[in-house]
Amino acid sequence: MENYKKIIEDIYFEVKNVNDIGKVANYIPELATVSSDNFGVNMTSIKKESFGVGNFDKKFSIQSISKVLSLTLAYRFEGAKLWNRVDVEPSGNPFNSLLQLEADLGKPRNPFINAGALVICDILISHLKNPKEDFLAFCRELSNNPTLSYNEKVAQSEKISGFRNIALCNFIKSFGNIKNNVETVLDFYFYTCSLEMSCKELSEIFLFLADDNFTTHKGNKVLTMSRAKRVNAILLTCGFYDESGEFAFRVGLPGKSGVGGGIVAIHPDKYCIVVWSPKLNKKGNSYKGMLFLEKFTTKTASSIF
Amino acid sequence: MENYKKIIEDIYFEVKNVNDIGKVANYIPELATVSSDNFGVNMTSIKKESFGVGNFDKKFSIQSISKVLSLTLAYRFEGAKLWNRVDVEPSGNPFNSLLQLEADLGKPRNPFINAGALVICDILISHLKNPKEDFLAFCRELSNNPTLSYNEKVAQSEKISGFRNIALCNFIKSFGNIKNNVETVLDFYFYTCSLEMSCKELSEIFLFLADDNFTTHKGNKVLTMSRAKRVNAILLTCGFYDESGEFAFRVGLPGKSGVGGGIVAIHPDKYCIVVWSPKLNKKGNSYKGMLFLEKFTTKTASSIF
Amino acid sequence: MENYKKIIEDIYFEVKNVNDIGKVANYIPELATVSSDNFGVNMTSIKKESFGVGNFDKKFSIQSISKVLSLTLAYRFEGAKLWNRVDVEPSGNPFNSLLQLEADLGKPRNPFINAGALVICDILISHLKNPKEDFLAFCRELSNNPTLSYNEKVAQSEKISGFRNIALCNFIKSFGNIKNNVETVLDFYFYTCSLEMSCKELSEIFLFLADDNFTTHKGNKVLTMSRAKRVNAILLTCGFYDESGEFAFRVGLPGKSGVGGGIVAIHPDKYCIVVWSPKLNKKGNSYKGMLFLEKFTTKTASSIF
Amino acid sequence: MENYKKIIEDIYFEVKNVNDIGKVANYIPELATVSSDNFGVNMTSIKKESFGVGNFDKKFSIQSISKVLSLTLAYRFEGAKLWNRVDVEPSGNPFNSLLQLEADLGKPRNPFINAGALVICDILISHLKNPKEDFLAFCRELSNNPTLSYNEKVAQSEKISGFRNIALCNFIKSFGNIKNNVETVLDFYFYTCSLEMSCKELSEIFLFLADDNFTTHKGNKVLTMSRAKRVNAILLTCGFYDESGEFAFRVGLPGKSGVGGGIVAIHPDKYCIVVWSPKLNKKGNSYKGMLFLEKFTTKTASSIF
């Protein structure tokens, strides 16, 4: 850990001064109000040593990063059967997504595009008594952090303008791959996206993907080693929309981004590192986040490749 | 190495008896003549310890696996400039490929789809005096193996029926991303695909991607560590056409397949393992090859994730 | 007219005995209950002479044929401005429709695909005080037929299973090309589709497209001659989904089909002819309806070409 | 005829002064050299009365207009069998063309997109002893005009830069829908496109589509009435690429355009009218040509609708 601290700090200050050519997401009014100056990094090792710089302790909207958490819970419930309803292939460019969904008869390409995450939410609703409460409880146990919560305003904000997600969910339902009521699925989905965490909290909650022997504070195993590895594999091939190849190429770690500007990256058997900077590049991933992580894995030679 | 031998042998005999639901590639007459009973495995560690089972020593047509070798040579010549002419993103399903090429104005999604490999061959032609001879010399040095050679019959066989590749190459040329004569590019491309190697030879020639400190017998470095890692990243996200996600998910190693039935997989810092079995699944990858590797990385817990 | 009667009768009985390889639409439960034996034809000349055979007087669900009526009313309200929100181009195969909608930024290819009809309904809602009542009144005036009405059961039936239309409407709204509430638009759209008419009634209501001098019984002009011709042009190029070219080629008249099995065809300056037979071919158009009309225009040499 | 002359002249001078926002086609060097000031109109009635204005007597490259002539000859040879190899549906937007060709397994959507015209040329080569000479002889007989000829320079010019057409032809061949040698097909295709005619000559050669009783000066019938009507139907739905709907909507006549700036339009049983103005709109059709014809059919109320 010690040797990483200095490197993290150096790169943090180097990247902080870079001219940020990205743009804050504005399709959800609530997200547009976040100051674009925020910049934080936090690493937590599998020994639970933690180190943060900048706004590492400030909560932000994790958005699509929540898709990894909902996938994890659905995988626990369904096991390998899960892959009958959602595939594990990268999706190519976004502009093909609806066409692909049609060609694939309503089976989304992977659980990290919106179509896939909606199917995952549908599956969770079929398993959970009180989906929102139960999912939150799962997240809290995962990170031993009872303060985690949804941001109601963000959830409502997405609901009002989420015509594309409504379209998507109805389209999948027309193929029979959404079993519950569309409104219920969308409501739950928007809540999962509205989860708020800091870099520190995110780097802690994702340790279960870095540490083969991870158990929650209650002593529960989250995923078998084999399944955790598989989730990491999907993260690597599909975690950054149509920039997944680029992230693997430049950073070389499994990871997931959200439009709130957060990026989680995992080095199996070593650590979880999280960066937050709200301005996004054209593909919708944090500009400074990607830059930081590229410099970090290059300097530490710690890509998985 | 010793501990791997027993596992390789056990899985080899287990998979040998599995009912092979795949089909031998028949679009090139010469490939259709290969007996589908062939089944070989060979692992070579970065310490150059080697172990093979079955038909590990019999040469076969490496086909698309050659795309990794041509990419490597082009990367040496061009460095990061290379990515102006070919991208590093997975391609989604094959049926979108021409559409994507049009949307991307002639820049192929990655160097491992045919479109990308044609652009790579075009680049090599611009750099090499005698493309076929020079490329073969590069491969021979890489593996310290002067016996490597093309199979003229296979090369000719592809030429005669390769209407789609001719179409593809002219289509890219219409965007200006092929600089040399289309016939010259295709001729060179078909030759590179016709290279023949055994599992053993393949597992040796690809050690440069497993070993950070690899140098050829002449003392030449092939790629910098950073670049070798990047090639591995592209292999992981794009090495198996639209089954790349599946291979990452099930096997968890960077790798590349060819329609001759070969699969190369690399464990960075450890080994290179090659399987050969001619019958292909629906996505065009060796059925038993994928099965063997999935069992192998599961039993040895040696995925990179 | 007299000379047509015999021809219509002859072809009617010839086609009646043809083995019908089509299938009744079953995606709306209410439509699936209609007997597939129904077969009716009715022609009305611009002199209002009328002649019918078979079940020409039995009401059926006109479904998409209503799109011509809603387009007509919207065209009256908006004039040429209408074409800013919906185009007049054939849509190619259905499987591209969502992709095209995305490429065209939410502007539907024409008013006769569902996307276009939804935009037309949205426009009508913006103009009408009581959309359902006012649209029905318009249809009644057009045909001087106060008995025309919606079928509530069919409208409800579509609502329950219309996930694709909900998807479509939300998708268009995400581009800003639906101004009213999505539920309101869909509700109105489903009602317009549920209109019921007989062959005779349909051949009367569409006379305004055949007769340049048509005025309603109240003395109102429906469309200027130039606009009526333009509606006919769109019918010819876009009236039969991806079988529009085939209908123009085989029948040679502007026309419109519905999944209820009805087909309306118009010979400018002469007549309107309507056929009803519920079994549909693979493209969703009445099998016997197309067959009848092809034989009819061939025998009477009355295509517009 | 007399009543048309004044109208043609009036509109000619009105449109002549319109600011032409189009651009001359420059993808073939030879076409780019034509002066954009050229503007001619010629009408020939089925009674062979002819009237021209402006550069009506100057030859230009008819380009894609030749596709109607090659289709006609192929239709004579093959009859209805022809439609097994090429369809009669509009193609939607150009950007889908390759995708559609793949989805349709190599059967082009219609004979007026390049893919379809290449298949038509392939069919002609299978029937003709000396394709170029025999096709030219057919055109000369059709118009009783022994001066018609190819422009060698234009044909060569297309050959050199026609990478997309080479791509297309090889792509179709990969599906087996090109029977002859690709080079032979392309060479013949480029020659047919290089035919040169004046507005007057074009309006004469296409009379066989306007006049049901047309016979050549040698007394030969060109197409049966039924087949001529069908060609007109395809012209109406497919004659202007993805602007076919627009042309039907604005002009209301079957017609065909070429990138040389010519447009042929046919009023069945009445006349053939041809306009030439080299500057093209964004969809590749003559800007002033479309404007002239829209004004002409509006003022004469002579659309077929």
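Residue numbering begins at 1 within each chain, and the chains themselves are lettered A, B, C and D in the order written.
The definition used in the following text is that a residue touches a chain if its C-beta (ideal position, glycine included) is under 8 Å from a C-beta of that chain, and two chains touch if they have at least 3 such contacts.
Just so you know, these numbers come straight off a predicted model, no measurement behind them.
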From the centre of subunit A, which other chain's Cα mean sits the farthest off? D
Distance between the CA centroids of subunit B and subunit C (whole Å) is 55
Length of the line joining the C-alpha centres of subunit B and subunit D, rounded to whole Å: 47
Distance in whole angstrom between the CA centres of subunit A and subunit B is 32
Subunit B residues touching 2+ other chains are 95-96, 99, 103
The chain pairs that touch are A-B, A-C, B-D, C-D
In the complex with subunit A, residue positions of subunit C that touch it: 95-96, 98-99, 102-103, 163-164, 166-171, 173-174, 182
In the complex formed with subunit A, which residues of subunit B make contact? 87-93, 95-96, 99-100, 103, 109-110, 225-226, 228-230, 232-234, 236-238, 242-246, 248-250, 252, 254, 268, 298, 301, 303-305
